[in-house]
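Letters A, B, C and D mark the chains in the order given here, with residues in each chain numbered from 1 onward.
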Amino acid sequence: MSIVGLLATAKIGEATSGGTFWMPENASTAAQGVDDVFYFINNINYFFFALLVLILVWFAVRYRSKPSEHTTFTNDAPVHNTPLELTWTIVPLLIVGVLFWIGMDGYLHLVDAPDDSYPVRVTGQKWSWTFEHPEYGVTEAAELTVPLNRPVRLLMTSPDVLHSLFIPAFRVKQDLVPGRYTSLWFEATKPGQYRLYCTEYCGKDHSKMLAVVTVLPEDEFQNRLGKLAREYEDLDDKDLPAYALNRLYNRCASCHSLDGKSGTGPSFKGLWDRTQKGSTVFTNGKTLKGMMGPGGEFEVPENYIRDSILNPQHLIVQNYTGAMPTFKGQLKQRQIDAMVLMLKNLDSLVDENGNPIEAPKVDEVEVSTGADQ
Amino acid sequence: MTVEGDDSMTTTESRPLDAPALEVDNYLTYTRGIRSWILTLDHKRIGVMYLISVLACFLLGGIFALLVRTQLVVPDGLIMSQDEYNQAFTIHGGVMVFLVIIPGIPAALGNFILPIMLGAKDVAFPRLNLFSYWLWVLGAIFLVSAIFGGLDTGWTFYTPYSIDQNSAMGGVIPAVTGAFLLGFASIFTGMNFIVTIHRLRPDGMTWFRMPLFLWSLYATAVIQVLATPVLGITLALLAVERAFGIGIFNPALGGDPVLYQHFFWFYSHPAVYIMVLPAMGVVSELIAVHSHRHIFGYAYIAWSSVAIAIFSFLVWGHHMFTSGQSPLMSVIFSFITFSVAIPSGIKVFNWLATMYKGAISWNTSMFYGMGFIVLFIIGGLTGLYLGVISVDVHLHDTYFIVAHFHYTMMGSSLIGFIGGLHHWWPKITGKMFNENAGRIAFMLFFVGYNMTFFTQFMLGSHGMPRRYATYPADAGFQTYHIISTIGSYIMAIGFFTMAGYFIASLFVGRKAAANPWGGRSLEWQCTSPPPHDNFSEQPAVGDCYDFSVLRWDDETNGYVWREDVAHPGHESEHTASS
Amino acid sequence: MSSHEHEHGAVGHIVPIKLLVITCIALLILTAVTVWVAKLDFEDLRMGEMNILVAMGVAVVKCTIVALIFMHLRWDRSFIGFVFIGSILFVGLFIGLALLDTKEYQPTMVPGNSPQVQLKLDALHAAQAAGETKHGPTEH
Amino acid sequence: MSQLHVHPDGSEDHGHPEHLGHHWNDSVQQFEAGKLGMWLFLATEVLLFGGLFCAYAVWRANHPEIFKYGSQFLSTTWGAINTGVLLTSSLTMAMAVTYAARGRMTAVVVCLLLTLMGAAGFMAIKYVEYSHKFHEGFYPGMSFYEEPHASELWLPLEETAAVVKAATLAGEEAGSVALAAEMKTRAELPTEPAEAQGWNKPAAGIGPAGLTTDQQNIDMAEMSVFLPPSVLGNLEDLDAELAYAEHHAADEPVVLPHPLQDPDRPVNAQKFFTIYFLMTGLHGIHVIGGAVVITWLLILTLRRRFGAKYYTPIDLGGLYWHIVDVIWIFLFPLFYLI
């Protein structure tokens, strides 16, 4: 009956994302090799499956007999045949031997990154991705920009729990282990945008922990990164809120809504008013008001926002848990300012449903953020 | 009356039909009252209690499976929030693995059949047996209650998620306590089986006269005894880690989360064979009995069971190819992994060879046997992709894995269980179920099953990660999910049909003959249902796959001993109670 | 079961008291030996690894003696011995493979204390350098 | 036919002696089955502890300095005495079995009592040791420090002295008390000039990147790119450990400084006590379990339930007690004799 499944899905198979029937499109040097092995095994499997099922059905039909038809049973068929049994022990043994060798060969290629790989530092934390380009001092969120035809090596770790970075089009996957550096490498062969998933279960919004890999030709890549490296410094302060909304907020989006719905964390809508009024109440019973003002813990409301971004565990708003990771070391000073400004001017940026009022452009490069999907 | 089937088998002349039926009490009527059940030392009653509990849990797990499937019909999720979905698949996984598949065949069917098949009056330690059942119940209560108290770790309890108070919900410690107790229930069952098979074999029942079901149960018991304690200590460490933060597995304290995965899979990979080995044994019985043909390559199958039991301890690392395990170990484990494929293959070939020149009755049980072979072939062959490391890197933690282990765990283990249930239903209840209904239910199940899970192979190879409550709308996953969900509903209809005719058979079912299918192993020599002591006289131990001594008997609607063949039962003077 | 047992008419084998006492004395002596060796080797730490080897060796010997005589393994069916040895072998297998792997990926672990602990320790160093050792970091 | 003679509870048969279950042929068969069952249970015990031994092996193999350091806080004398106590109690237990087989039940009672005293003595000594440890504040787990923010992972790689100072100023200018404090903390971190940390250099300069199949040379060079030397200094490396341990052994202080007051304590020193308490604790639970079993045997013996023909429970209880002994035989050198 598996044929049913096969036929039913055949057409869709072709339809999906320019891939083949079994595999998505391949866009890395490793992918072709993986696909070849996959289809090699496929052919072996089709053969054996057809063979065995045919034999099964044939025997079932050929030797069917109702109880009333046979009064007694004969014992003429053989119960044992050493050559036959040896055959179907040794032949599979040889086949799997070959398979092991092929697999190991491909795998060693996958783990052995070229020396001149372009380094990227990846931090996966609940439930967003951060990609840092050490060569440019650039931090990307929810989008990874990589050069075309150049080996890229991701050195990855996680501050909280296990995650796993998976790019189907590149056929690469590796877990991010907290307290450890893991790494994987690939060399993209086609410009374009590809999906990046988290495939190690990491809690509530595991299935929203998505990102996009953008493969750009070398020159485009360099000037894109160059721009990113300078953007928030070049911007003048009036553009900072829009910048924060477009480029930073997607790391908050999975927990903090813009439309007043409370998620894992409080909504950003009206957060600034609450902060100014100091009406926020914390799990330790204190209210923000009591801590603000000269001599208080926070001289100005901005400091509270800063503190919540850098030390989220310090004060936890009532009815919420301390699920938020710190962004210490991931946001530069000016980016934190941008966040504060965004919160201040949120009403002018988004309507009450949280949709951007006029999509503000940060730079020409079209930016797609995987995290909102 | 059932006694006639019995006598006509154990004596060479059959009693005339008009003779008054003897009032022979069976294990159901032997004693009455609720106390006689909850405190029973009778392996058959314990087996039945296990059976009922397991089926109840199966219903629970199945309902959550349907919820999960329903959620995934639309990309943004149809009925559940992220959290609810995470709990739903955790409940489904935890219940199905710990409460249904692992105890299913050994504890339920095994407890009932093993001593009878062996020709013993009971398992070696009846009190331990009863204790292990109630331990199991306690563990089940813990696990299920924890699950409803909020458990979202998945059935694998991976660290550090499960030990992080801010991440995983509160249910972790009760859940691992439950799993711990269930583990020890499973250990005691295994010990009981090993000792029973070693020490309670009657005269004439040599090792290589044992039905293959016993061989597979023996191999399973070995795994249960050797692997489950490690699960126990692992879960204990996990609980302590979560409660006190001892820093063995918690990276924030210098611990090592990958070490937890080593601990976990050292048990949980062998556990996969705790699930599938007994099913293989059942199928060996189904194929041989319903083809009325001597099993082909008996010794080969027997030894392959033992080989699988040993190898299963050497391959756990293939669950960790992308988990941060060192490449060296990945290669080593991949190598050993392939070696375990061979014994499984051998079994399939032998089953097919057994059907050759047989006299195959198209009974429901036989259909499940053949269904098992087909699904197990798919499950096994798709295992090849995953053993090949470079391909596994792409497929790991995607729906391809989900599909693969459903083909082995459900398509094989559970089908073995259900097939065995049909096979021994007349023996357990003394009633026949409706064969046509059975065949229809099987077809529904088989079609639905493949619709549900075969599509998931494509989902996975196209990159759909597992444990996703929602998925990108434009990634082309939705159509597969819809087909898969429809399939799951069809499957559900099949299962409810099954429940229907089983329940019906209890009330309106025809009385079962002692040997309705023409089985040759000892459980078919006692009445259905069996008497309290299993055998009113020492059964005839012979070649348990030589069907030529049986003939169909229209009067009893069962198979009886051929009058023209001497009954080996009278050669052995030994009786168990002397 | 050896026929020997049936002569006694007992269901199991009977170990004479004298043998038991001798065994126990041997075990006590072996214990003393390990302790002594440990103390001896502690003087020179290059022998540290050797120290553990000796200790484990003696432990294995003691374990064998207990199993063979106190636990009657010597007179039991060989299958029982097989069960015991088997369980130990599986533990060895488990430890061996887990050890091999962790050793392999150890270099990729984030080394040292986590930053906060490191901060505390640095503070401690500073404090002790300043000579005021009394307030160390508070326990939790 | 036999079914007619069986009591409803199915446990006994009139044809049988009192102690013989209805499904057994004779005492020997039942005895042997019981014995095999017990040994299987002992096998599960071995594997149960095997998990902990594995944890021990992994942590000791990768961080020997922790164990060299921690074991200094344990009293070898107490450990040795306890070993003696347990071995002796094993002897008395074995004697009990022998006497039981010979039907000398008074001797059995005496031996069981002695064994019980051995168990009590062992637990008493353990109590002394434990309470002493707790008094000093050696608990399992993170007693040596609060749980750190794992999320500051990249911190050592992230900040340079220049950045820190600038940021601190910026923070103070912006009037951010919190931020200024925050930056001061970071300033404490060992830091290197940006060039030395090297992630501004082109990738080619990074040296042998890439996981090779033998991981010995993996990423050390690479981490030296990402990690400041002070952190690298903590990298486990056998010679360093030996040297460290040697220095400690050479001038072993009469009174060791409490780990909390000891800046030289190895990284994650608390792990030794974690594993120590886990393993000895689990063993202690088994000792108590054994004591309960022995008490039960004692009561049954006094009730004249056993004799030369039937003493299976005593034999099996003995086996259990011996395995508890065997496990301690390994625990003692692993913790006390390092």
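The rule is short, and it goes like this: contacts are C-beta pairs under 8 Å (C-beta built on N, C-alpha and C of every residue); 3 or more make two chains touch, one makes a residue touch a chain.
Predicted, not measured: the structure shown is a model, and the values here were computed from it.
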Q.
Quick check for the class: compute each chain's Cα centroid; which one is farthest from the centroid of chain C?
A. A
Q: Would you mind telling me which chain pair, C-D or B-C, is linked by more contacting C-beta pairs?
A: C-D
**Q.** Distance from the mean Cα position of chain D to that of chain C, given in whole angstrom
**A.** 11
Q) Using mean CA coordinates as chain centres, what's the chain B-chain C distance in Å? A) 39
Q | Distance from the mean Cα position of chain C to that of chain A, given in whole angstrom | A | 45
**Q.** Chain centre separation in whole Å, for chain D relative to chain A (CA means)
**A.** 38
Q: Going through chain A residue by residue, note those that touch at least 2 other chains and give them in order.
A: 108, 111, 157, 160, 178-182
Q: Give me the residues of chain B that touch two or more other chains.
A: 198, 226, 230, 251-252, 254, 256, 258-259, 263, 324, 326-328, 331
Q: At least two other chains touched by the same residue of chain D: list those residues.
A: 32, 36, 40, 43-44, 47, 50-51, 54, 58, 142, 148-150, 152-153, 155, 211, 213, 215, 219, 223, 267-268
Q) Which positions of chain D touch chain B when the two form their complex? A) 1-3, 5-6, 8-11, 13, 15, 21-23, 25, 29, 32-33, 36-37, 40-41, 43-45, 47-52, 54-55, 58-59, 140-142, 147-148, 150, 211, 213-215, 267-268, 270-271, 274-275, 278
**Q.** Residue ranges of chain B touching chain A (in the complex, touch as defined)
**A.** 82-83, 86, 152-154, 158, 160-161, 164, 166-168, 251-252, 254-258, 291-300, 322-324, 327, 330-331, 334-335, 338-339, 341-342, 345-346, 348-350, 352-353, 355-362, 370, 373-374, 377-378, 381-382, 384-385, 387-394, 396-398, 446-447, 449-451, 454-455, 458, 461-463, 465-473, 475-476, 479-480, 483, 487, 518, 545-548, 550-552, 554, 559, 562
Q.
If we count contacts the way the header does, which residues on chain C are in touch with chain A in the complex?
A. 105, 108-110
(Q) Residue numbers of chain C touching chain D in their complex, please. (A) 1, 8-12, 14-17, 20-21, 23-24, 27-28, 31-32, 34-35, 38-39, 42-43, 45-46, 48, 51-52, 55-56, 58-59, 62-63, 66-67, 69-71, 76-77, 79-80, 83-84, 86-88, 90-91, 94-95, 98-99, 102-108, 110-125, 128, 133, 136-137, 139-140
Q. How about chain B: which of its residues touch chain D in the complex?
A. 30-31, 36, 39-42, 120-122, 124-126, 128, 187, 190-192, 194-195, 198-200, 225-230, 232-234, 237, 240, 244-248, 251-254, 256, 259, 263, 326-328, 331, 531-533, 536-537, 575-578
